[in-house]
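My questions will all concern the structure given below.
Chain nomenclature is as follows: A, B, C, D, E and F, assigned in order of appearance, with residue numbering initiated at 1 for each chain independently.
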Amino acid sequence: MSRIDGRTPDQLRPITIERNWSKHAEGSVLVSFGDTKVFCTASVTEGVPRWRKGSGEGWVTAEYSMLPRATNTRGDRESVRGKIGGRTHEISRLIGRSLRAVVDCKALGENTIVLDCDVLQADGGTRTAAITGAYVALADAIAWAQGKKLVKAGRKPLIGTVSAVSVGIVDGVPLLDLCYEEDVRAETDMNVVCTGDGRFVEVQGTAEATPFDRAELNALLDLAAAGCDQLAEIQRTALEATR
Amino acid sequence: MSRIDGRTPDQLRPITIERNWSKHAEGSVLVSFGDTKVFCTASVTEGVPRWRKGSGEGWVTAEYSMLPRATNTRGDRESVRGKIGGRTHEISRLIGRSLRAVVDCKALGENTIVLDCDVLQADGGTRTAAITGAYVALADAIAWAQGKKLVKAGRKPLIGTVSAVSVGIVDGVPLLDLCYEEDVRAETDMNVVCTGDGRFVEVQGTAEATPFDRAELNALLDLAAAGCDQLAEIQRTALEATR
Amino acid sequence: MSRIDGRTPDQLRPITIERNWSKHAEGSVLVSFGDTKVFCTASVTEGVPRWRKGSGEGWVTAEYSMLPRATNTRGDRESVRGKIGGRTHEISRLIGRSLRAVVDCKALGENTIVLDCDVLQADGGTRTAAITGAYVALADAIAWAQGKKLVKAGRKPLIGTVSAVSVGIVDGVPLLDLCYEEDVRAETDMNVVCTGDGRFVEVQGTAEATPFDRAELNALLDLAAAGCDQLAEIQRTALEATR
Amino acid sequence: MSRIDGRTPDQLRPITIERNWSKHAEGSVLVSFGDTKVFCTASVTEGVPRWRKGSGEGWVTAEYSMLPRATNTRGDRESVRGKIGGRTHEISRLIGRSLRAVVDCKALGENTIVLDCDVLQADGGTRTAAITGAYVALADAIAWAQGKKLVKAGRKPLIGTVSAVSVGIVDGVPLLDLCYEEDVRAETDMNVVCTGDGRFVEVQGTAEATPFDRAELNALLDLAAAGCDQLAEIQRTALEATR
Amino acid sequence: MSRIDGRTPDQLRPITIERNWSKHAEGSVLVSFGDTKVFCTASVTEGVPRWRKGSGEGWVTAEYSMLPRATNTRGDRESVRGKIGGRTHEISRLIGRSLRAVVDCKALGENTIVLDCDVLQADGGTRTAAITGAYVALADAIAWAQGKKLVKAGRKPLIGTVSAVSVGIVDGVPLLDLCYEEDVRAETDMNVVCTGDGRFVEVQGTAEATPFDRAELNALLDLAAAGCDQLAEIQRTALEATR
Amino acid sequence: MSRIDGRTPDQLRPITIERNWSKHAEGSVLVSFGDTKVFCTASVTEGVPRWRKGSGEGWVTAEYSMLPRATNTRGDRESVRGKIGGRTHEISRLIGRSLRAVVDCKALGENTIVLDCDVLQADGGTRTAAITGAYVALADAIAWAQGKKLVKAGRKPLIGTVSAVSVGIVDGVPLLDLCYEEDVRAETDMNVVCTGDGRFVEVQGTAEATPFDRAELNALLDLAAAGCDQLAEIQRTALEATR
């Protein structure tokens, strides 16, 4: 079986990570997974939210949003509707949790890093692209904070790497990194967030049509783990390039 | 190792499902998983939301909420704050998806069933108790709709059963059905939604502290599958009782 | 004339007050006036709202809400609509005022007690059941605060008892404690809040159809005063039971 | 005892009702009760809200609001805060109910009249001034609608007159039409809405400090009834003047 | 060509400025430009918004609003809709900027003056009437603050005068101070805010139908400058009257 | 005098207009004025807002927004705050008005075009860049609608071209196209929107510090007109390139 864009089942879309896309942010990345393009900025501020003050620990959080015309038909702006939808909330929380899994908040000290992930163009996998790109922006922001001595000398707030990919079962076949058309047709859809050393941070599998069994779950996890391995390599390459 | 409440690692808390808790709702259940108590009502209305009109298909959705003092310290009412938090949105969406997995919307016809899951007392596992109880309220509501001929004769909208349970790793040990104190201490936390025939509808695993590996994931899935088996049995017994 | 549920005009519905319904709240009561069931919790926190700081006085306030399916047809959640309706506001304010009438805020000291009154099932008289039940939850909460030494030794913040009942004129006959069907048909509807010693805290009479004259007003006040006497006795009995 | 402004206990403040204060509204009145000034407009539109369509009956509703600097210290605009406070809701509902008590909605036909009562300057009794003034604006608007044939020939939507006044007990003395300073010091505060023929539409009595007994309640009702009689006369005079 | 109300092209409508319209506000004015009537109050409070604290400088801001029936058909209240419209925001900001142009914030010291401009009746030119009237209320409020020693002796926070007028091209003819009917028909519409010494604070010209050329722009600016001269004279006369 | 970035007073920043930046939108442009980068998409939908239905005329509107980290310090998302700020509203309205000035809504027929202008990076002049870029996206969208026969054959909805530029007086010198640092220091700031044939659509001049006189106004208008001429040329070149 050949996929809609000619990929093999275990093949990622073309992935690009462009750093330093903004002159203002402490870290900024334009990440693309095929036609999905997400602009990720990392903003560092001294101090932490009220509930964390005095703890000596930092905080990392994320906000995800889609431009109104990132999709095929224009959606209402959430700022105009006056409230944030459930999906937006859910994805923002997922990104924040995923990144915090590789941050040592004690080492970060009482600093806050906010990751803004704005989807400029959507073609499936926006949350996984956001996590993968945001990690790189976060790494740049932490390096900046270290350079500015906001982080105490010798402390290493970044304790691992993290990336994410979607997998799903389409017409009975487990596929890696679904594009929008595949995503719509998937019987089961799963987002997997892995660390660079191959462990899981998040596993979110959903049966869209029919429930899935343990064998299918295992096949999807295999695919995802291999995909995240490749993404970790791409992140490393991007970060090794001179800034 | 003995658990805080004396259970073995693979033991559920005492589970009760009381039907017909409301004289108004078409289905209503007070479910308790130990000290977690959720009041689930199923409301049937003819017709479907605008975007589904004319499709011939029904709709099942859910709203989850916590009373302000369901928890140890009082939380603000979301109606007073004027907006719904991310966690509430996320759980409402999860409950709705889980129930739709066992409903044949075509057989339901253009009727809507709304499941309200209001947590009266929280002690960990509120979302899994909500799904487990809401399924029973849903079954009663569908029976009611069939009795009222809202559903065409011979149609069976309910195509399976569904329940949910939390599992997690606490001090390195995989545990079933975490209470609040265990949940807070868990290194990894997973909510699993299963059908009565043992397949998965949702798998949501999150590393709270350290990422988890494939072996841990497998151990948790084993525990959860066994727990859901028992919950399915408890649901069956509750539904077989005379109304 | 016999009433819809067989009561005499001056007869209350069966009233029950169950204390300690929550393991978290400092006071908690499930009160029922016939089929009307309200869950009242009292939450004690040290400190007072900003505008009262430094006054040495405490504060007691209330929030009333109805579960979406407490009524015969499901209502929208106010948290989902993003704003609180006029009726909800009005009743919350009434409950708060009624309870403050029997509290000596100076004796309470700078502590805040919030009464949450959530209607689980509605069949007329939800606000009067809420006040009657909330008083008991409040008494338990104050006793708790005294036990915890949040209230200075020798201070008695509770200076009386308070209960409430609805009365109305249906088909020309003054009736006590209207159920929903009577309430809908009432020409005049009145909520009366009385202290245990027979004085009035609130009198709210409304002509739904035709205005009422002074004689009718007097007949309703007589009925209400007698009803509140009985409610005060029921509250006393409930509070005398061992916790 | 002499009152702060030299009135006797049973004396109203100077009352003025100026009609036709707006060139746009179908009825408009600037009413003053001493220094309390409320601008009342009545807006007639054909048609009724969705829930009343096809009933053949009209609808009358009210919105009350205070300009930010109507009071001694500036309050936040509710439009800026993004939500309406409980007090505003409560008073808007009271005004609407009071006016509907003298309107035959069938005779009005499917027309809607909205009364806007905006407090330009507040000095106690804003809700009672609003009701008293809004009645006159309503009468003008109904006359306009009759002139425009929006109301069927021969139909009389206005079936009575209505006015309102506050009464209260200050230093143990029952007083009529409290100004702000008296209102603040009142032990008991009552708003009474009466029809022109001396019956009650609303009676809302609240113990601010100590509960009140039946004798006090009676004294207040006597005062209020006499006050509303005078207000009805003032309304009549205003309406008899050439428009 | 004669205008709809008989004015010459360069003639203002009858302008009135009544001071001391409120007993509460530190400055208050009812300004009318023909049938446009705006109630302007200036509220002085000690202290400044958080972002300005410690600067030693004061702050002047404005809020503009229209009563629901200020116009020919009733508009929804922004407090009821729960958000402020774009036009309201825009005009509030314009009024604030215009007034700040003649205030020396250093001389004002850390005090805040809020100008509330509530349109009671609208007939074109509400924002220009608001600016013109608000200036007078501001002058009174600053005089009050000087009298109360909130402003340091010898400091003069008011460094000029400011007024505003609309101009527009109707049927090819430049006209001064458009009423509503002219405004609707204008090809180009311009609001001009001038100081008393003839300089510009704001120039906002908008082509409603066809773009305008430089000659038309010049003609409009000439008209507006002359109109503002007259308004400055009217303001001066109003302020010279005994308070 | 040399400017901060070495430009002469009458020199634009480097301007780039990249078309077809989105695969979904009917028109899409990334416009940059120096470091200011705005992503403009034009979305075409059949039909018009309710208030315009049946008129036979189309509608063009715009929404402007800034990504949270478009500026030097991160701002709150308006979707998170739950309301849109005054500045955002004001600019959205300006962009919409400016584009409608060059659209024949009758020729457009009952179609709606929404221009979304999202600022990716801000360095002064975001609204003028947005208008200039949005025009090009609009032109592409109209061409698309003509190709799809949404616009009747022979109709030309686009009746001109429009661009915008900021001008201001810095240290007494009139400058064209201010960058952020200049904008902050400007005594007077003006945004001018011109058609391709040199007429004005909008002129918005604001004295930030000291009012400006007629001579200064004239100097700024001269600068702006020349700048818009150049921008019109750049737009023409961009649109002539093969799509």
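Going forward, a residue touches a chain if its C-beta (ideal position, glycine included) is under 8 Å from a C-beta of that chain, and two chains touch if they have at least 3 such contacts.
What you are looking at is a predicted structure, and each value in this text was computed from that prediction instead of being measured.
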* Apart from subunit D, which chains are still tied to one another through touching, counting links that pass through other chains? -> one piece
* Structure fact -> Overlap of the subunit D and subunit E neighbour lists contains none
* Through how few touching steps can subunit B be joined to subunit E? -> 3
* Could you put a whole-Å number on the gap between the CA centroids of subunit B and subunit D? => 50
* Asked: Among the residues of subunit D, which are close enough to touch at least two other chains?
  -> 82-84
* To do: Report the residues of subunit D in contact with subunit C in the complex, numbered from low to high.
  => 83-87, 89-90, 92-93, 97, 101, 160, 190, 194-195, 198-207, 210-214, 217, 221, 225
* Residues of subunit E that touch subunit D when the two form their complex -> 22-25, 28, 35, 39, 41, 43, 45, 63, 65, 67-74, 77-80, 82-84, 88, 114, 116, 118, 120-123
